[in-house]
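So the structure is just underneath, and the comments pick up after that.
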Amino acid sequence: MDVLLLQLLNGLDKGGAYALIALGLTLIFGTLGVVNFAHGALFMLGAFCAVSFNKLITLQKITIDPTKTTAWGSPLEVRTPYAEAMFGDFGIWIVNYSVPVSILLAIPVMLLVGFVMERGLIKHFYNRPHADQILVTFGLAIVLQEIIKAIFGANPLPQTAPDAVRGAADIGAMLGLQAGAIVYPWWRMVYLLFAAGIIAGVFAFLQFTTFGMVVRAGMADRETVGLLGINIERRFTIVFAIAAVVAGLAGVMYTPILPPDYHIGMDFLVLSFVVVVVGGMGSLPGAVAAGFLLGILQSFASMNEVKEILPGIDQIIIYLVAVVILLVRPRGLMGRRGVMEN
Amino acid sequence: MSTTPTSSRDLLMFAVFAVAVLTMPFWLAPIGAGYPDLLQKFAIYGLFATGFNLLFGLTGYLSFGHAAFLGVGSYTAVWSFKLLGMNPVPAVILAVVTSGVFAMAIGFVSLRRSGIYFSILTLAFAQMSYNLAYSVLTPITNGETGLRVLRTDPRLFDAASQGDAPLVSTLFGVEMNGYPGFYFCAVLLIIGFFIAQRIFRSPFGTMLRAVKSNQNRMNYTGLNPRPYTLAAFVISGMYAGLAGALLCITDPLAGAERMQWTASGEVVLMTILGGMGTLLGPILGAGLIKYFENIFSAFNDQTLHSIFGFLPDFLETPVVAITGLFVGEGWHLTLGVLFMLIVIFLPGGIMEGFSRIGRVFRRSSGAKGSHQTAPAE
Amino acid sequence: MEILKVQGVNKAFGGLRALNDVNLSVEEGTVHAIIGPNGAGKSTLLNCFVGRLIPDTGSVMFGNTSLIGLKAHEINQAGVSRVFQTPEIFGDLTLLENIMIPTMARRDGEFALKAWGRVDQDSEVRDRSMHMLEDVGLASKKDMIAGSLSRGDKRRLELAMCLVQDPKLLLLDEPTAGMSRADTNNTIDLLKRIGERGITKIVIEHDMHVVFSLANKISVLAQGTVIAEGSPQDIKGDPRVQEAYLGGAHL
Amino acid sequence: MTLTRKPLSRRSILRSGAAGGLVLATPTIFTSRAWSAGYLNEPMGDTVTLGFNVPQTGAYADEGADELRAYQLAVKHLNGEGDGGMLNTFSSKALGGNGVNGKKVAFVTGDTQTKSDAARASAKRMIEKDGAVMITGGSSSGVAIAVQSLCQEAGVIFMAGLTHSNDTTGKDRRANGFRHFFNTEMSGAALAPVLKNAYGEGRKVYHLTADYTWGWSQEGSIQKYTEPFGWETVAAVRTPVGAGDYSQYITPILNSGADTLVLNHYGKDMVNSLSQAVQFGLRDKEVNGKPFVIVVPLFSRLMAQGAGDAIKGIFGSTNWHWSLQDAGSQAFVKSFGQEYGFPPSQAAHTCYVQALLYADAAQRAGTFMPSAVGAALEGFEFDGLGNGPTLYRAADHQCFKDVLVVKGKENPSSQFDLLEVVEITPRAQVEYPADMLGGELGSYNNGV
């Protein structure tokens, strides 16, 4: 029982992450009709916003201590972080909270990235075949990746959660169950809440603002909205930028869970496509539902009891579920007819 | 205006293609690509992309799991070596048949959906194949290490010649590596190209393009699109299986990573880069990507310094530093930039570029000119 | 002789009854028009003939074959062709190819793996298709990409694609919708010429000018029910029809 | 089909093959050096070409870059440039800093992408186009085994880079292939006594194992060497390679009754699974009255940086570490550090040593012919290359040397100072009989 509860919690957490990554992708799919293979790269850029911010505030003042030498005989460099030297306790605090604080950096950066990408590139591909969109966005993803690799190297760069939420919470004990039975990392719960918040925010934005209404109308029927004389192009730019921010923030907050490297986006790309399509093209609730569904199923499929009966099931569960759902429901969980069907 | 090339023009094109392929060792040598392994790869991936294009270019169905068939072909070929012997002929036949059957099964299910739903179904099947081949199916695939021929294998038909003979595929006493291996692949590429050309010009090919153009009208014209797309899917799966078999004939090792989504993605990129729906485009795209992968990745600072050695020192260092970003460990960057440039400036891929050059040439050579031929090829 | 017999067809979408006990009988060799105000169920009825929709109850007999449950391509192979409200053609292919495809479909059936011979050397198909293009006056544009044609030409092309199959029954869904007067007249002439081939036609049309110049028999549909049926003369004078249209149509 | 095929000599095969390709392939045949000599790619000019095949893209790109740095340094030292590095401490004095066999050492590089196909394609390019007589490098066992068998078939020597699977010199051993790096068997043998001392007998162990050959063999060797003192396997769970998020595999550990977690993961997988396991509070737990512990059998200092604080106090094994105080290690660290500004990784070390060992063997053999170089390496005893007295065992072409047991350092003084050496397990303790792992070397292939 404890085990099942724990796996369910874990499934929710994974689902939150999947849903968050899929959310931006499906926004772009649904409104702009663009197959964006660079979405993973946006996630990666977000993660590297956190890395850069951390590097920036832990920049070190290098002084050479001539009395000591390194193992290879050069003079020893002594490093003291600027932030600490200049801001004292506040500096220490900000280093501690560098991941969440770097959201403040990530939002403008990702907005800018999204804006530039859409205006400079994606815009010209709205009416081009999907094949061209795939090629150009894939090319862009490689370029972004290689730039990051050239700057930060290929190894994963660890980012730590703030001390306050670094360890694990004994949820079992809190619920009055056996202590130590249900333990879950604080930061993952923060991530789940964060994901829920962002998802709710995007939904509220689309539901309750006039801007959102137009975008939703555009998702339903792009031509009509265009005919209404609404400047849909400008709104598309904003939607793309929002999607970029969502992807970027997902990346920022994920860094304490998965040390980011330049390839992290590609690793998520396929998965996010599967989530979006299983959810149904052009459906935001579908993407969210699919994210949670796949997360929970993956979590349960990885239990030893399940793997003993079906060896290897944990490795293919996501794809298996995708196949079954697409065969039972032709347009995924909540897809609409005619979106990306030809 | 558009006209289908006449049969004599097609024959000419085929002849030029065949000669060009067979003389590749000559004319590719100056750009450093005239060595057997890369030549083999050109031919093999050319076949893979040609087959992929029969599905994607003609019907518009974008399979994101074609690498699965490449992998199945490879495993079948190696098993044929292990059980039957090192002759490439049964390996080729078995690989094509097995991958055809595999494609039939996957295609039958996946083609119930279209558009991106179809793409994701094929992707899912391929990823499942890959994940299982890597782990649970290790007894059949030898997992991460890859399936190889061992001296202890039964090899029914040439067990007599066991001993110290190297374990490479052998046809009539000629080992299928090095140049003989390339010519074996080249001949199959030429045959594969010929078949593709026939399919392009055939009623079947026309029907496939009808699938891409308007399935609704096709239905109301009394045609059933499903068997057409399934046939195209199976044929292109067989091409992939053949390519997989050739990879093992020239080099008897089959690894699971051949089935990964990145490998499926690669053939998509090759086809789009070269020009989808054209006969030559996918082959050019395949060649270009393989060239970058093998030649650009091999440059290092030392080679760059020797290339730019003629420059004065104050120029040489920055030039080497800048080009160094794009070669060696940065060869992916070049590839990414190339993808973007081509798709931005040449929407129809490399073939579009050729036809533009052709048009300019024709115009400047004073042809009366209004009767343009669209790039059917 | 009846070529199409529709009996007791009902179709509802959720709570909305689109067709209500429709009975219809189309005589071979005639032009049968179905008219009615917007939302009367004309297109729904047509869709029930071609396999796009399945009626909730009732029967649709084409000669001795029931069309219910058959797929669109099976119905076509049985001899029913359809022209759409917005022309459905193979926009990426040439005009000649657009005609050759239905020609081959008629000859080779719903699927034929003819992957070897050259399509342009199939003289039987080619000649037949060229004749058809000449018949509709598009022969000079045979190598053009169909998607670049004018709307009128697209319509003619689509008509030719249907005619080349020698259908027993041709369904025309507003064949002159959105056309200029001149184009409309051309189309009427064309349809009249086809009439000489003796193909039975069912026409759905708003334009009464077209209806009265073509039809032998007219059925009037309103709110999913056939409210009147008869010769053009009968219909013109029928008060129920006047009422159904609320005088909105130029009768 | 030829049922009774006379074994053709390699040369006659090449000739018949040449007959087929002669007309068209003439230019390359004239320029290729393969045709004239007693062995494949015999260097005719005044240089000899080595092929450095390392991952330049993908997850191990940084490790590959470090390997390449080491090779370039080795080439410098072989050609008499720089400070000579470990050449000065190497017990064999055959090399004099004037190249090898009187020829200057040149090299070509290629990208393995950590994929067998790409690695073989790259190695083939070096052999067929660039005329390399030896291929070396790599950062994973799958690639090493694939390239090793390629080199066997083609007829050049393969000096394995970082490869830790038993199979490389076990069931997939080849006459033309040599490995300096240690393997899972030695890791198990070296770690077990240290674990026993630190964590006591009778523990309940949970294995998370990367689902491929290396992972399985690592899991097996830890079990083999810890079971004798009562470490009992509670569960051994296979995880997909490159899983990224391991949470769904970590949660079942919490209530499994296990008090020890062994992570049979390498590289990025290790970084992810270790840091996530720590986040789940595993190390703060107390099970069966004992503190919960985590063990990482194979440590890579370079990759461990990615796990940050999570590696503190974690035991593992490693082939070499830059903090070693012997003369060889110090010489290498000095010359590498001065060249590049940071200390070398174990991958760099093994690659540098392999390059030196090959050059030395060729020098002693007086030729680059694979069979002669191989004979010079077989049974070769040496010292001064950082691992103490070392033997290249003839029976399986595996080096036997001391193994380092390391622990994540609690207070690292720099970003490179992540591991501390807890014990240097002597060579005798990690030796095993050559026939234990199966496999057959076969005979040398000189490529003609």
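Letters are used for the chains, namely A, B, C and D, taken in the order the chains are written, and counting of residues starts over at 1 for each.
The rule is short, and it goes like this: a residue touches a chain if its C-beta (ideal position, glycine included) is under 8 Å from a C-beta of that chain, and two chains touch if they have at least 3 such contacts.
Predicted, not measured: the structure shown is a model, and the values here were computed from it.
Inter-chain contacts peak for the pair B-D, counting C-beta pairs in contact. Chain centres here are Cα averages; for subunit B and subunit C they lie 45 Å apart. Each chain gets one centre point, the mean of its Cα atoms, and the points for subunit A and subunit C are 52 Å apart.
With centres set at the average Cα position, the gap from subunit B to subunit D is 33 Å. Centroid to centroid, with C-alpha atoms defining each point, subunit A and subunit D lie 35 Å apart.
Shown for subunit C are the residues that touch two or more other chains, of which there are none. With touch defined as above, residues shared between interfaces to two or more other chains in subunit D number as follows: 61, 65, 211, 238, 240.
Along subunit A, residues 315 each make contact with two or more other chains. Those chain pairs judged to touch are A-B, A-D, B-C, B-D. Residues 58-62, 65, 211, 235, 237-238, 240, 242, 244-245, 247-249, 251-252, 254-255, 268, 271-272, 275-276, 279-281, 284-285, 302-303, 305-310, 322-323, 330, 333-338, 341, 343 of subunit D touch subunit A in their complex. Contacts from subunit B toward subunit A in the complex involve residues 56, 60, 62, 109, 112-117, 120-121, 123-125, 127-128, 131-132, 135-136, 215, 261, 265, 268-269, 272-273, 276, 325, 330, 332-333, 335-340, 342-344, 347. The part of subunit B that touches subunit C in the complex is made up of residues 1-4, 6-7, 198-199, 201-207, 209-210, 212-214, 216-224, 227-228, 231, 235, 374.
Residues of subunit A touching subunit B in their complex: 35, 121, 124, 128, 130-132, 134-136, 138-143, 145-147, 150, 270, 273-274, 277-278, 281, 311-312, 315-316, 319-320, 322-323, 326-327, 330-332, 335, 340-342.
Within the complex, the subunit C residues that touch subunit B are 50, 71-74, 76-77, 81-82, 84, 88-94, 97, 100-102, 104-106, 108-122, 125, 143-145, 161, 165.
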